[in-house]
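Residue numbering begins at 1 within each chain, and the chains themselves are lettered A, B, C, D, E, F, G and H in the order written.
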């Protein structure tokens, strides 16, 4: 039942064509969500500020391109994560602004560059191997309208590299920290800043890193109280959460 | 070396009592942090808005009471988590405002009730067994200066209970969600709101809940992108992160 | 908004006191679930045939007794799981029909013994140590209106004990199988019958049973295709699912 | 010893060619199951309604085709799971009705489309990536003689999509729910319906999904009591169990 | 149907009172195992040489004493594992020969001391903390009629202690090796002897021993090919398997 | 120091060419094992009856062929496990009797077929997918001089298939049981025989089988006391242990 | 055979009382280790510098006191770990110098305080809850003859506390670092010093710390190359390894 | 702020160009680490004796070659781990001394062969499959200036092979032990020597070795107190730690 149908029902009541009881009965079993919730859902995505993201992994190139085309009809920006150069090449033919980032495997269309976040988001990573995940976070945060400050290779085993970046860290309104192996960096960063820290464990490491489990557990047990955690390698999620926070 | 000593050293340079090289040498090996970082640390805690928390578990009553006394000298508020009625009784003799919350085992002194957060924090829990963790989150958020709206017993197996609270959820600036067993509630809440959701897995359950592991993994894999996660049963941490966000 | 309020709104439309647009607007933001879903929820519980169950673990005696009293006002039957003799003694003072089952720690009030299931439910267990879980399944199935046939101590290491019960097994419309240690019994039973088998891993065992994990994994990997699984020690859940199936 | 031999033995007793003691001795050590149980086994498969399924994974194309040919001699229907297009192509040469489903990798011969189930089976999945598993469940349920209603992409993070399908869900006699990541959907569906729910965790996800473990644990801990669980990605098993239930 | 009933049936065939077809039909549906398998089961236990064992854990003192009394009526020996001094005291009143072993918590009645094993069983343990498990193995092997040679405290970190026992080890026909912590001893023993080694991981250790998991995994991965493994702390099982081997 | 050198040293003492103290000193630091233990090691391998086995996995074809050539110089039999057809082809050029078994990836040279075991070894497997592991066990047992009776496809979900093989099982002196998925078969077999059962979990399965972990845990928790376990897929180890037992 | 016996054998050869062949034969089967290895074992313990340690957990007070008495007869120092005040009280009656440390549950007799280590050992811990483990390390290192510098409460979430201790850290010849929760401290310390770091994960934490597993995995994955790890809570082991290093 | 800038600031104070307060303020916010810690970091690497190592895995050939070229400008030695022959070939064109080790996948430039360690490092491995990890340890230790004694194939299942190497082991100042499967070798070696043992679990094995987890847990639970552990397959780390110890 869409708005039109509801209006018709109410008109029938007004004109007496339908009794109150009949209308009451129809409304009781109203597939309410078909009327309003779809809209609300639509609004929700818009309010969250970025519905234009495609998780590429496990989708065929055709599926990705199909979704992307449809999204680009109504949106100036677009982010496709975990996809390939060849998908990017095909997308470029219909959207020349599409840019491929080989480290993270992301495609970004970034035509609307208006800033929506109130401050700066710092995206920090522990080692060069964590950069792909950090890049995904950065791309997400930027395309959602945030200024991002990327700080790379400041792992805790060379703690002065991190401390020398204290000022940049303190200028951020929210900090994303990506780290693999022992995943210790969010704790150290968390102690240096007074804003929320979104920790992203990465699958970087070998042996007892168990594909990111060690980093994940480390971050969940952080002794810094301002740290919360997203899934292993989920750079997009961290960038998304950080964007929501930065809009508050 | 504190500020006084540094001033004296600079005075010596100014008066010629110390050569530049001598001063340079002392500064090079300066325990820099003894001067400034202690203060910064102090400032950081103040900036984060709440240094007055004691994690009671694993501390003797004497230790807790000692720390609490010292904190109460300089602070109007205090939160002690995971402690006992008997500690509360002893604390009451020196601080009559101390209130004990038996569900979560927390003691709170809440004399300064000024609001510091810009909006409301919703603290949601799935079942009545999750209330102790939710209570810890609520106590933390309140004592840090936030208005908290507690919504209990809205687990996903009775999804309409949750949906009927949509309006309250949408009025929050940040949402804390506590759930044990399958830990599905943060995903459902995450889809209803457009603000950050802090998920707290609880150790409620038995068998294959593995003391909260099932809920933890569920929350880390949430299909709602606005969810980040803290440690199992870490109500305090969720309340702390939510407070930081709500001040932004 | 309850039914009365909705009726009033529709009357206002009918009489012209409210315009169609006004009504449309109110309905669009209608807290729909406050009207109908609460009822539906209520109906759902009744349709599922047994809302009168209390999970005792983690609740205080007062909480259990309070909930039980309220339930007994509107229901002839009641099941409280994972509770104690002392709760049973206190309940007996207000409900003399309450019976305590020390093995499973359950209390049952079974005044309405009408059969609602269409056939018989067999509840099978591998060893005597699994009987508490089997008993919980049996109590649940019986109180929901099923005839239950209990078959104990037919573990696979003495396979002829099981085969000698083939006829009884084949007379069941659905079979619940409880087993700890290696959890092999559901596979063997699954091969003997042509009806659904609900497998309940129990925490019986030691060492590499890892509190029921071994049995759980075994049952999930059953080579019998008619087996589905519930949580470790979840006798109630198995009895509940079996009851739903037996009503079909 | 087959029936013929047993008859001969009894004839010998009747004619006196064998004494009662001799016969008694032979019967005591009778390989009983060679007589009757093989038949019973055969009957069991028929009674369960579908012996014509081949688990393709780990079998060579020749093995699959050989088994398939033999099954097609005595059966009008056939299901081969987890196989490839090339096997399908080769099978098509001997059975043109064979249809290949690339998402799930299944081949189906569906010549006998008589309905044997008493109602409808709903097969629900959380995201588009879960469709292959849902498809396997649907193919199994259909080929065993059930009407299937497929409901896709109704994950809990957009809970209104699910609620808008409530009526379709409530029309099912049994529901299969496939979900990866946090595996929360069966709990939500379980709360909306009053029939058995068969939950299938899928291996969809990354990082802390640990190849379906997160979804599996979530489903085992479901707070909806009408949920039972099968192995990760075991769409066939769920369809099979649902079919057995639907025939009751 | 017991032997008497079967004899009657055959007599009826012989006298013509029952036709061959009638008998055939009865035999086809014969609860065969009620006739023969129960006996065979009985014989099997006797053949395995020791049915007189009670696993005490999880049984009430009354249950243990009841079973023990019944077993002692027909058997000269008895072993009760994982029980308590108080059970032993009560058993002593009806069986003065009952001896309690506090380390392993076992009770043994050992009146028939005839040797049934063909050689000697060595029971080796790594550290003094492993002795309780080794004792359980020894008690089981002895009461089943084996000569046992106990060799304690020969862990691999003092490898010469082990090597100095090489001759005793080589005189055994089968070797049981109990070890906790890293569980390395079976590999070292396995390399010194040419007979089967039954490895028993013990739960001795702390931290990353994970209650015997480390030892269990170590033993399963033994580079000595003559090692097989039983459950953590399962001294009885190892003694039982060793006894079976020693009778061959 | 070999025997010759030791003899020379003793001769020097006898002739006075070396003093007692000098000899004493040399003996004290004697690399004792270079004299005797190497021999003993050599003897040990011979006593264990089969030193001629090569674990192919992780070795280059050249390494395998080099070792094989050397072993074939002094031995009539040889077993190479986990290798490839191409290695087999190259080996065939120097040893035409070499036979390749593609299921298990083993090469066997079996020129000396004398029986050394005292009875028969049964090698049982649950499903056709477990045959490769069972074949490795059979090849090992045969080449070590045992008569092997292979019983395939008798999984517990069709328990009568297993029971119909009871007589063959009871004729074995030791039984090897290979099973994947839930790994229930060893328990069922263990209950049917009175001899040692060597259980081999296989990695057959998917999802919650976790590459054989489910089967492994199941077997370790077997309620049949005559079961001991080897590593996942370790058919060779099971065949080796069974051979040692069968020689006793 | 001890040295005396060996000398006699050689004398017999010298005098001709024993032939070379006789001596050769005796030497070949010489229980070599009875001669020399026992001594070497003895020497090894002495060389490792501290045989006088008793692991108290799992031993009865009588056993601990018996071992302690014997050790005190030949040694001036003694360390008993993981024991109780009551054992300490009883030991004090025979050794008044025995001192009990309630945090770590250790008893120490420290009469010989000569320094044997060449430098200083730093024992660092992250939080006050880790002090018991750090204390055990300190007690072990001191009683083995080392100067120990204890640095407490310098966790990475307040990184300046750690950096302010850089000079003390750099004065150590080897560093022991104890940390629970995320276990990040060894990486940070490892980056500040150029000497070996022995990391001790502690079981401090809750929820996803899984009793020290998170800290253990973190330390094993340390990005600082100079870190090696001992078991969870194994303060003694760390102090022991550090002592061995400090003697080099 | 580098040393020059600091000197200038102090000169300004001396000359009066800057007031004490101005200087004080600048120093308080001094990015201290930019002055000194960068140098110290640099010195630290030099003091640790080997900054010239590249972890090749996860880096592109171009990245590896770029870093290597830069390092070779200021260093005579270089170690690249976990890389390929093709990278080695390309490096050889700019540095002919570069040697590739195919087993471990390492490239080494070893022009400065001066010994810096005070004694010998023994690198021991259990089986031939562990040699790649041992080789990585050896290459690291050698290029850092140590004499290395490699002892291969001395696993505990042939314990005399190990004992025959006792003298070589005892001549080492520190021992690295690499072992997969059950990981028992470090305990045995630890008992034979009185120096620190660095244990390296390898991922060698199958089934329940779980990619090195079994060996890792075994080593962490070693009953030899002189053992500490590094990550699975981390030969480099072990060689690095051993080098640091050997310089003390």
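Everything that follows uses one rule, which is that a contact is a pair of C-beta atoms (placed from the backbone, for glycine too) under 8 Å apart; a residue touches a chain by one contact, two chains touch by 3 or more.
The model shown is predicted, which means the values in this text are computed figures rather than measured ones.
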{"item": "Other chains in touch with both chain C and chain D", "value": "A, B, E, F"}
{"item": "Each chain counted as touching chain F and chain G at once", "value": "E, H"}
{"item": "Between chain A and its twin chain H, rotation from the CA superposition, multiple of 5 degrees", "value": "90"}
{"item": "Per Cα centroids, the chain farthest from chain H", "value": "C"}
{"item": "Chain pair equivalent in interface to C-D, over half of contacts matched, among A-H, F-G or A-B", "value": "A-B"}
{"item": "Distance between chain centroids, defined by C-alpha means - chain B, chain D (Å)", "value": "49"}
{"item": "Length of the line joining the C-alpha centres of chain B and chain G, rounded to whole Å", "value": "38"}
{"item": "Whole-Å gap between the CA centroids of chain C and chain H", "value": "59"}
{"item": "Geometric centre distance via CA averages, chain F-chain E, whole Å", "value": "25"}
{"item": "Sequence positions of chain G contacting 2 or more other chains", "value": "158, 163, 191-192, 207-209, 213, 216, 220-221, 231-232"}
{"item": "Chain-to-chain touches, reported pairwise for every pair that qualifies", "value": "A-B, A-C, A-D, A-G, A-H, B-C, B-D, B-G, B-H, C-D, C-E, C-F, D-E, D-F, E-F, E-G, E-H, F-G, F-H, G-H"}
{"item": "Contact set on chain B toward chain H in their complex", "value": "3, 6-7, 10-11, 13-14, 16, 20, 23-24, 27-30, 32, 35-36"}
{"item": "Touch list for chain G against partner chain E, complex", "value": "31, 33-34, 37-38, 40-41, 57-59, 201, 203, 211-213, 216, 231-234"}
{"item": "Chain G - residues contacting chain H, complex", "value": "44, 47-49, 118-119, 173-174, 191-196, 198, 216, 220-221, 225-232, 236-238, 240-241, 244-246, 248"}
{"item": "Footprint of chain G on chain E - complex, ascending", "value": "128-129, 158, 160-161, 163-164, 167, 204, 206-209"}
{"item": "Chain A residues touching chain G - in the complex, by the definition given at the top", "value": "126-127, 155-160, 162-163, 180-184, 187-188, 190-192, 205, 207-210, 213-215, 217-224"}
